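Have a look at this one before I ask anything.
Residue numbering begins at 1 within each chain, and the chains themselves are lettered A, B, C and D in the order written.
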């Protein structure tokens, strides 16, 4: 922990953050979310100072700050905003900021996939449902929001618990990540080049590293694979052999390799998926299929309002002096579906 | 297989027979002076037991005749004959023993006192024979009496009665003849059980049930003392067999080398045993059960609660007399003497006030038992034993007479509602019997009671000062009591048996049935008309079976509630006294004759009579060291300067006559001719009633038995019951409450955590998050 | 960009200068805070939809951590797992939202606390 | 043989489960109960041939069964009948089993299979406890008695049965879990010493005896707590009245007759031999608790109107005597205690049978509602009085022998006698005062027993409404239709031959053991003496240690 950031400052930041989040939560009285946001930002700043104090020479660059600040701020608003729609939109913001972080982390494929799947597909579904399931807008906007949206449940306990958890997690992360060492065996960076010989040849040819066209990639005698051995430290090499029957071989050091002779992120992910985790794809596919089926079945299910809820709804509506118009039948409980409804 | 037989004791008899000789052969070495009794002596015990078994069988087979009674009479008579034969064989000789088998046998080592043996064996010495003679004899007579008295209950009830009766005799035999204290205890509790069963014979009467319960419980209190006494005896002497104990006492040195005279055992054990004796013999504060025990059928009262069982206490002290007199200070005997005297006069005061003639007899028994205890206490075992013996007969006679009256007058027992019974048809013998019983009880000269009481009184006066603390005072109390006894005895006699022929029938439905008939129709015609199975008088002997030809069958217990009898209505019905039948008359006559004849025993044998001779040959005889002071010609105490043994003949006679005189003045006939019929009117009876007003509340208190029952109720029973309730609630609330509280702890914890389980999703999430947070923090803190 | 060229520095030290000097811990910190916020939101908010949104937030936090690890270890396993997370999130969104709609029809409310039939 | 003895009821269980007709179930169950009885009878008949010359512990008999179970942890399935106490209790169990089945013929008409099935399981478990010579096996059997009893109470009990069953189960279970901890601890210590895990009773006994007094105290406390709940010793008794009251008749009989004896047996065979030093130290206090139980439970009995509860509380009082004798820890006391186990099983079991028979006819246990039944049920009343007298300890019946020996044991066991050199005493730390106070319990016993008998048998006839109109001798047709499964139309007013057949053997045994206890006493004598010998050895050892300590201190002071 000490190597990463000043613990005292960090814990103080956690405490202040808890205070801020709790304050920012929607509540019955006027929600001081602004104050909460300020306090939350202060906490974030404190955390940064904590980082700076511990390691002044290793400050991350501002991209990281910007993206993470946006992501966390949006996340805060996402969980504190009383209106579901805005929450969802703030969530989109979080996602976008996160993709920024992804990009910093050289995970382009995932960044764009995230935008497409999350921001594009999932969140749109959310928005649809939010609109579908919210009570219609009226003159008094505040009234349209349900009690459950306007008042948070046990904000203090939750914030404290949450931030204790954050503190604990962070402490563990700090301890764990400082002990974590790269395992070169697991680093796969360009390992898959030997399964794409055409591309390697094309790159080599383009870089004019082949003496003539009869040269091709050499095959390793021991394992029968192309002899391409990239190494993390750049000391690797690949072997080319002439195909004209002389059996001549030539070694090309890694530092001489053309710039394009490396796996793009997308390729890496693809190899990882197909080569290392084929089962995961299958499982994911099944999960998606099942969820699709489930969603279809669930949404086709006809439900009847249960009696108590109905009474409450009526009472609610009556109190809003709208009971007479709507009558007993709610908008989703059409007459005649009672028999088929789920008990 | 043989082993098993041995294990199960099937071959007990065989092994017993084989081992008896060995046991007896070894016995003299240990206890001294015990010879083997003939095997047939065990018949004394076996016959009543057989009777009990047969009675049970008869009940099972549904016998509805008088067979059980006849069987009982026969077996008990045989038992008596056996006793007599044994007596004749052993008379004058040393004690004999008979060991049947080891009842309880336990050993934890080979040393002295490390083997506990209570055998089913018997000692026959002169003390036990004396007791057994009147026990078996009287029980046979009273069984005969009961055969008729109980005839209204022929059937299972009858069998039940005679089962308990036989079992009683068996238990009494074990009590008296057992060769160790534990067998005595078996008999002791056994007679208690029979007493319980017989007092509660009329089990539908709540009073009878309560009385039975009271008798058993009060006895149990005493029994605890006895049991502890037995245990102490074993602890101190290392054995509970009489012969061995007596041998140790005789040697004067306990097994631990200490001298008995200097050891606490010489008064602690007697004190504990005395506790038991008081309970069984209704002395001091234990007396309360005996008057209530009169709820039982009269034959039971006669046999158990007058003649035999209640004298078990006397027997116990007499049996263990060597131990009692081994205390140089005679502390316990002083207590016994005073207890006896106080009980005697205490009971006498009550008797003078109450009206229930059966209870009068009951209190009289207590009073006379007081005499016996006082006799034991003032070092006169002879007097006590003789009085026990004579009392058994004359009190049995009195009870049988009272029973006849009760039987004949519909259960009437109030002496204010009966008069001139002796002159009524069929009751002549009863009158004579009552008179003879009364003069015995009052101590009229030359009756058995006179002699036996004299011995006690004389010995009491003759005792030197200091040997028994306050023996002279005891003597005076007894003398006064003798006068009171005479008074209350003849009060009853004059009121009930003499005087004009008048009566009001009682309210006992069973007995009323014997003599009721509509007005204007004589009872013979009435019975003839209705084909009533009622036997009447002597002609039918014992023919009271009502079990045929009549609408309501009340022959046996189970049906009694089903038949509601019409209450006796004096305006339309009349009641003829129902005189005793042949069986009852024979029994009364025999008892009466024996009561008279008992007097002759005083003149048989050596000085002090036959009983004195018997006692002298038994273990109850006073040891020389004590005897030199007490009794005999060496009397130190005097009665106004005279030798009490001589002058007491006159003094007690005079006192007795004074008592009778007062009774005659207050209750009796006016003038000499008043002894005959019709000489006194109903109105004149109130002479005594006017007299009692002088005493005011004292009479009322005495009439209410000095409120002792109430005092017990408020000081012992109610507090205990309240304590029981308190404990019950404490148990329920306190002890069980604690348990439930322990059970509530998990439940409470569950409740506490239940608030987190509201079914609200967020709640679960929150608790999960908090839990993870806390766990993580713990892990962190633990790792750093 | 050539991962190999930056690999040694990324593995053991701060990020390459052109991408900033953030270490693995920085990303994990962000991830932890985002996860915590998602958790807090899940616990405090009563609107079923928002609660699901909060779970998505937690997914997202996990995703950041996974990508960071992936980058740290110079392999793509983490990214593969993010794909998996994404799949699950999508499935969850589909199913959960269908359920929410169903529940809403039943009670005309999105209040999670109106569903406490399992209350002990 | 022993396996057959224990598992023959389970064999019948199969029959009960698969019997084609419900009416056959009870006959199969009876057969299953009679089988162990036959085996026990056979064993008793050939006692000498299998028991050898001595049945002292640590010496296997011909019957011994020893099978490996979990050899890795030294768990074996060891069964033996090398102790007379076990033989006697097995015989008692085997006797009560068939009687319970016969006694339940008319009482149980619904869910017959379940009932008899569990009864058979219970029988098997109870037989197993007394035969087990491996503490874990012992414990398993011990605990397994709980389940059938729980089912019997909770399914076939009366109104408050659920609560009673749960309380019974949890209470006794909690106790015995603590006992298990003690057992395992001893096994652990033994394993640490010898390097080999074993749960053999004899080995552990010897191992445990070697432990220091402080350790023994903890072991004893743990074991005692488990067993004392079962007994039940005074303050731990509150589950008993409830369970007894609510249980069906056969349940009450077995509960009183055998299950309570598991506790006393456990104390005798496990707790005292395992920790004799602690037993010696604790004895006076436990005796005080026993006496408290005798007196307090006795007084509480007197206030009961529920006759079954009364008898249940009387069990607490009686078992107080049993424990008193056991903690006297001399031959008389322990012998009395063992006899008490058997005798209490007979007399109280029979009393519960009697009450059950009454309950079947009147459907009430309240003394306020029924009374004076001697008029209507004379045979029943005879049995009732007989067994009441047996339980009150009337000499000549079995209760007296045991009660007397227990009190005598307590009376003797004290230094008072030894200090004076009197012959009748034994070593121990009770004394005459204990006996005297306990003896008042005999008076209280008379009070409450006679109160019960007086109320239920004697006095004016009192019947609950709906019964009074039945003419005598007529069968009980209807009149009480409220009770489910009420088909007692066949019950006569007084006892039927079947019911007499249940009570008669018990009565005969009560009488026989009262007049001739020698066979039973001889049977259990060696085992009793072994136990006492263990205690005596510990006593001398403790005395020697104390003397050595004294010497040391005196030496120190002298210096």
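Note that a residue touches a chain if its C-beta (ideal position, glycine included) is under 8 Å from a C-beta of that chain, and two chains touch if they have at least 3 such contacts.
As the structure is a prediction and not an experimental result, all values here were calculated from the model.
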Is the C-beta contact count larger for A-C or for B-C? A-C
One chain's C-alpha mean falls closest to the whole-protein C-alpha mean, and that chain is D
Chain-centre distance (mean CA atoms) for chain C and chain D, in whole Å, is 65
Report the inter-centroid distance (CA atoms only) between chain A and chain C in whole Å. 5
Between the Cα centroids of chain B and chain C the separation in whole angstrom comes to 97
Could you grab the centroid distance between chain A and chain B? Build each centroid from C-alpha atoms only and quote it in angstrom. 102
So which bits of chain D are touching at least two other chains? none
Enumerate the residues of chain C that touch no fewer than two other chains. 39, 43-46, 112-113
What positions in chain A touch 2 or more of the other chains? 153-154, 157-158, 161-162, 165, 169
Once the touch criterion is applied, which pairs of chains come out as touching? A-B, A-C, B-C, B-D
Residue set of chain D touching chain B in the complex reads 44-48, 167, 170-171, 235, 237-239, 296, 299-304, 330-332, 335, 372, 374-376, 378, 385, 389, 394-396, 400-401, 404-405, 407-408, 411-412, 417, 420-426, 432, 435-436, 439-440, 442-443, 446-447, 450-451, 454, 457-461, 471-472, 515-519, 521-523, 529, 532
Chain C residues within the chain B interface of the complex: 39, 42-46, 51, 112-113, 115-120
Where on chain B is chain A touching in the complex? 760, 762, 766, 769-770, 772-774, 776-777, 779-780
Which bits of chain B are touching chain C when the two form their complex? 754, 757-762, 765-766, 769
Okay, in this complex, where on chain A does chain C touch? 4-5, 17, 21, 25, 47, 51, 58-64, 68, 71-72, 75-76, 78-80, 84, 87-88, 91, 94-95, 98, 101-102, 104-107, 109-110, 113-114, 117-118, 121-122, 125-126, 129-130, 132-134, 146-149, 151-155, 157-159, 161-163, 165-166, 169-170, 173-174, 177-178, 180-183, 186-190, 230, 232-234, 254, 259, 262-263, 265, 268-269, 271-273, 276-277, 280, 283-284, 287-288, 290-292, 294-295, 298-299, 301, 303-306, 309-310, 312-313, 330, 332-333
